[in-house]
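Take a look at the structures below.
The two complexes that follow have chain A in common; it is paired with chain B in the first and with chain C in the second.
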Partner chain A sequence: MKLPSPSSAEAVVAITDLSRRFGAKTVLNDVSLYVPRGSVFGLVGENGAGKTTLIKHILGLLQAETGTVRVFNLDPVANPVAVLGNVGYLSEQPDLPGWMRVEELLRYAQAFYPNWDKVYAEKLRAQFGLDPAQRLSTLSKGQTAKAGLLVAQAHRPNLLLLDEPSSGLDPIVRHDILQAVVRTVADEGRTAFFSSHLLEEIERVSDQIAMLHHGRIVFCGSLDEIKARHRRFTLHFETAQVKPPVIAGVLSLSGEGKEWTVMCNGTRTELPSIAAGMGARIIDDRVPSLNEIFVAHAGTFVS
Partner chain B sequence: MKFSWPMRAPLFPEPTMHSPLAGLTWEIWRRSRRSACLALGCIAFCALINAATPERFYDRVGQNLFGLFMLVSFLLTFGIFNYTEVSATKDWNSFPYRLFVLPIPTWQLVTLPMLLGVAWVELVYFAWIRLVWTHAIIPMPGWPAVVLGSYMVFYQTVLWGLAGFRIARLIALGFGGASSIGVACLPMFSKIFPSPWFSEERLVPIVVGLAVLASVVALATVRRQRHGGGRRQSWFKTRWERMLDLMPRRTKDFRTPASAQFWFEWRRAGLLLPICTLFVLVVIFGPITWFYRRDPAFTAETLLKILAVPFVLAFAVGKAFIKPEFWSMTLSMPSFLAVRPLSSGEIVVSKMKVAALSVAMSWVLVFSFIALWLPFWADCADINESMSLFHLIYPHSWLALELLSIGVLVFSTWRLMVNGLWAGLSGKRSYYFGSPVLQICLAVLLLFAIGFWPDALRPQIHPTLAISIVGWALVLAVVLKLWFAVFAWSRITPRRTWQYWLIWSSCTICFVALGILSASIPTDTFRLEHLIVLAAFLVFPLARLGLAPFFLAKNRHELVLTPERLAVGKNVQIALAMVVSGIAILLGMDFGRLAFRYVDAGGHQVRMLACGHGSPTVVFETGARGSGGAPLEMWEKVQPDVSKFTSTVAYDRAGVGLSAPGPDPRDARQIARELHTALQNARMAPPYILVGHSFGGPFIRVFAGMYPGEVGGMVLVDPTQEEFINRSQANNLDGDIQPDDWNLIQAGLTEAHESRIPGGIPVVLITGTGPRVLPSFATEEQKLKYRTMRQTWLKYHADWIAKVPNGQHILAENSGHNVPDTEPELIINAIERLVVQARSCK
Partner chain C sequence: MQIRIVSDDGVPIYIQIVNQVKHLVASGRLAPGDEMPSIRVLAAQLTVNPNTIVRAYLELEQAGIVTKRNGTGTYVSEVRAPMLQREKIKILASRADALLTEARQLDVDLVEVIKLLRERNAMMLEEEIGK
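Take a look at the complex of A and B:
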């Protein structure tokens, strides 16, 4: 797998050969990843692929068993203060203490981050419509996500880390979160990293995309590169196929009877000849959407 | 290719359940299997011990052991039937909300855990009665069963009813527990206050009726919770929250992350300890002290109990405090805290600071209560007397001692509260539960050891290298603990080491100061040894705090165990420091012992301290009180200076200080005989100059009467005169002399009266007539009484010395009875004159 090397742009997050096991189960299997500075990095994967585990390694909430994790060229376990002071983190379920009020939360968080921008925080709070005297336990799910996002953003972190931020939220809140992501990167030199399985969002904002499947990186690169690598063909067979035709080198295959859809990963030049050899002709040939690529990869059995 | 383990066949096939109640029961069983088995295991263990050991074991040790295990099993029982779960929406611990969507009527949901709880607690109780407490006589076996069952019902009602009010719930449960213990003891009071209300026949229906009422309340509460809460419940909550809104809130920003973390921890749990202390003081001790306000003996006991309140509460609260999140059941660190840019050491320090402030506030409350109670509605007769005595003994340093003692109390409470911080923060249940259990076991073992082998602490068994096995083990444990903790702390937070050293050194200085200031009272170990041992044991409580940041870091980062190596240099340093401090402690403990000798005094060994060279030998005899007395350290301001010009020997009489007990009767002649034997065995040749203080005066007079040729002079320092015989027991100054001691005193004085001073030897009698200035807090009546007594003694002394040929009377005007402590130079000069006289006579 060709991965962007760290020498081209300074890598904010550099993960090399990371593996992690919980008991007998291997959750991350030789993962290598570089997040270049000033980019939006999207991590896709199905539930249980290991996205949260990877993010916990970046935050130092898990120590690397094998391999290394470096954030801003520092080890997040050895230097928690230096790393976490520059990271804004929004988790899937923002576990904010329910007893705090919004203003107390802001005041508390402000103490930890020297770059906290009070004016900006106030602006965001007004924009999100959060009542300062309200307790966090009485906020709705969307408001809690917004409060978490506020805390993550207000100190203008160098790395904004979002773990499935939009899960279970309505489109308006999702829009706010995406806006935050975009705005982060628009300010020079800051990076955003988020994991999601809402592919249209990832498609919309990411510069680099990586996919985790059963603990392995299946593809990684810019959206254009990925799309260039995959191709979706529709084949029309002369005779109806009772069982799925076996075609070498395809990612996935679906359909019935005479019409079959094939997703290819790199074998697009050979496919016409193979298809002709099997008695089929190509009636459609187009660039697949990210959703289709994801489903194609996720459906395969990684050995 | 995927590889999966073959499905293991379950050990016990799970039953198929056909009714919802069976399903609920099965669920309760499955989630509390471990605790249930532990409880049954305790019973089985104790039953086995009971069957295997004789009744004698039960009388001495068995009761306490069984009691401990019974307490543990009941705690487990109440833990099992803590039938609550955290409700995600409401952020409190209440009746499991997820059960409300099942097609079961509410009354079944409520009565099932209640009935199971009652049944289980009765089962456990009867198992204890029938299987373990077979040797005990239990008057009414059924009554505690009733109380236990109704407390179980009350317990669950409170848990479900006061779901949102955590602190109130804790207080209600504690109060309920205490009052049910009180109710359980009511029938015993029927012997003292016979009243029909204390009989079992009346109490049982009342208690059962209350339990039924509580269960009805529980049913109503849970039904209301199921159907969304009624208007009245939210009325109270909204009033409460409105009141909380009105309270002043912080509006300033935090200056540092550490202060923000302190605020966070304080908001979670800081006020719990002060509130609980206030509650206990006002609700429990207030009425009790008012009720007993005319009883002086009660005041002293209750004062001690009140001083113990913060300790007990701090220990209990501390068990929850040491977890990363106070109010949660899990030990894992919440990720809200884990992602803050704050190092683990800072988090630990903020917890310790919150604990310190909590403890300080509680002590302020306790002292204010005492300050209000003692002057206004307590009978302080006994306490005033003890305080006057204390001030007399330490005229210059009593204030410093009181302040130091307060400091020690507060510090110990704080240490008790953060006890096991490293175990709680580590996130492992085995450490969290295991650490206090281990500590309790060690304490119990130590008490057993001291109880069963008192001789182990006495050095007579090995007179020269006199450290017992227990002493060695303690010393080693202390040294290891200290340095292990420093090692762990410096590994994880090298920048915090200075704070650790600050705490350690300031406490050491306090202890050293305490030791120095209290040295005017003769203790039975050398001062230096005592101080070194105290200073070394001081680190004992501090030691494992240093481990806390390391374990928190493990919890936070879920560290895989990868042993790191310290730089070799640091290892060597720490090893050297361990060795040095170990040697220092051992030397300190042994220092004193190496100077003493143990000499046979006619069948038993007495401790002797011999210094100096030359003749004649000065022999020091200490004062006595009946059969007891003061140890040889009493002469520590006199003997060293005297030994510069002649040989001296001071000793502990048999049964006093570190000497073995001797045969009865302990009258003066027996004591003189033993002294003579000891001096001969120690190869101290006559002539002797005898110096006796207080009751040592009669003793040396008897010695001089029995061995006139060996005595070359006598110095009597404020001795007890035989006119004492004439005072009847009711008239004596110290009203607490036992009748046996009184007989000994009379016998001793009679024998002294009958002894004759050997002809021609010089006798010096020193009387303390002062002190000139009596302490200001003594009442006029006390001062007058004291002066009268001193005048009387002076008269007796003057009369007696006038009849002695070659006698000299010296008045010590700045001293009271304790001349060897306050004006030792008078004694030294007198001895010197006698020694010179004795040498020139030869």
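Take a look at the complex of A and C:
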């Protein structure tokens, strides 16, 4: 099998030049990303950026129009059993058969996964406080997410794949989900991939991140490297600026009056002299949070 | 071990852990010989990436704050590294700054503040002797 890149040998998911159109709309545009084994990979992007479409390609629910998708070095469309048997998947709204009871769901899910761990499943059920006799249709949103997470985890998948798992859930359920992500990686070096628009969560647990914006990858790589590539400067002008100061090559600029905040890609060693030339002092210079980086990048593409 | 992670101010999480462990050691809440939580346990407790904990522990080990014993785990170092004195001073410095700022706002000069510190210290010593 031809590998799309040398680094993909250790990649659990390798996507190369993937594009996808729905009618006239290009949802994914030349997307390439690699998820290293044993990493927590966080995918960020606004609603409609293409995150779910990307995840559907990883699951083999959509066939690549152009480009390639490999999961465990296999084409997920051609090898659904081998791929899905090793993936634990939780969607934003888990689609569980409402007429089943919790205990029936466990037996049902067990039939699909040869590696289903009954003891672990029972431990998770007790930990999540799910009543075995309760019908799935009567579970709250948080309990439904926990039931979905249980099914996604109990066969100890090599890849835990979560699509917006925290969406609309209370902090306690969100914490359970994040713990599942951390445990997946801490135990036996398995891999977790999750999409979220809660950047604090992504920043906490991920070591690799990618940002998708209007179907394109804006950045992809190690969280530390991406953070180190960005700087956030606060400029103080002697007099109030009526119009935003013009500085070439910055990602974003915000503020009013005497104080303006500038986000830069790269360390921008020349910025102090540029600032001095405009009659401004740099009063703060720091590494931005992921949230600030995200907003700066999202802003540069919105017209 | 009480550690609080904030993710909105740009300080890398491993540095937050390193700094807080240093403070816990400097303030005596972690004593020499105490066992540190395992990587897995601390990662799950703080819900942060296990590699982040690995990195924090490595940093602490290089700074001489903790020692890894083969096979058993990570422990707070028995020998007090000289930098712990610096850590203590760092903790006090932030308190001193707060005191000085307040003194300035109340228009009390430095000589008065130093005099007050001496008086309070003398009172504290007397109380201890009294006990």
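Convention: the second predicted complex is superposed on the first by the 291 of 303 C-alpha atoms of A that agree within 3 Å, B and C clash if a C-alpha of one lies under 4 Å from a C-alpha of the other, contacts with A are read in each partner's own complex, and residues count from 1 in each chain.
By our rule, a residue touches a chain if its C-beta (ideal position, glycine included) is under 8 Å from a C-beta of that chain, and two chains touch if they have at least 3 such contacts.
In this text the structure is predicted, and so the values were computed from the model without any measurement.
K.L.:
Report clash or fit for the pair chain B and chain C bound to chain A in the combined superposed model.
P.N.:
With chain A as the common anchor, chain B and chain C both fit in the superposed model.
K.L.:
May I ask you to decide whether A:V81 touches chain B, chain C, both, or neither, giving the answer as first, second, both or neither?
P.N.:
first
K.L.:
Could you tell me if A:V182 is touching chain B, chain C, both of them or neither one (first, second, both, neither)?
P.N.:
Only chain C; A:V182 stays clear of chain B.
K.L.:
Quick check for you: in the superposed arrangement, does A:A276 touch first (chain B), second (chain C), both or neither?
P.N.:
neither
K.L.:
Just checking: does A:A126 make contact with chain B only, chain C only, both, or neither of them? Give me first, second, both or neither.
P.N.:
After superposition on chain A, A:A126 lies in contact with neither partner.
K.L.:
Between chain B (first) and chain C (second), which, if any, makes contact with A:P288: first, second, both or neither?
P.N.:
Touch status of A:P288: second partner only.
K.L.:
With both structures superposed on the shared chain, find the angle between the C-alpha centres of chain B and chain C as seen from the C-alpha centre of chain A, to the nearest 10 degrees.
P.N.:
One gets 150 degrees for this angle.
K.L.:
Look at the residues of chain A and decide whether chain B or chain C touches more of them.
P.N.:
B
K.L.:
Once both complexes sit on top of each other, what is the least C-alpha distance from chain B to chain C, rounded to whole angstrom?
P.N.:
27
K.L.:
Which of the residues in chain C come into contact with chain A in the complex?
P.N.:
5, 7-13, 39-40, 43-44, 47-52
K.L.:
Quick one: in the complex, what on chain A touches chain B?
P.N.:
24, 59-63, 65, 77, 80-85, 87, 89, 91, 95-99, 104, 107-108, 110-113, 133, 137, 301, 303
K.L.:
Using the touch rule from the top, collect the residues of chain B that touch chain A in their complex.
P.N.:
For chain B paired with chain A, touching residues are 1-2, 5, 90-91, 245, 249-250, 253-257, 259-260, 263-264, 267, 334-336, 338-344, 556-560.
K.L.:
Sort out for me which residues of chain A touch chain C in the complex.
P.N.:
Going through chain A, the ones touching chain C are 40, 175, 178-179, 182-183, 185-187, 200, 203-207, 224, 227, 232, 286-292.
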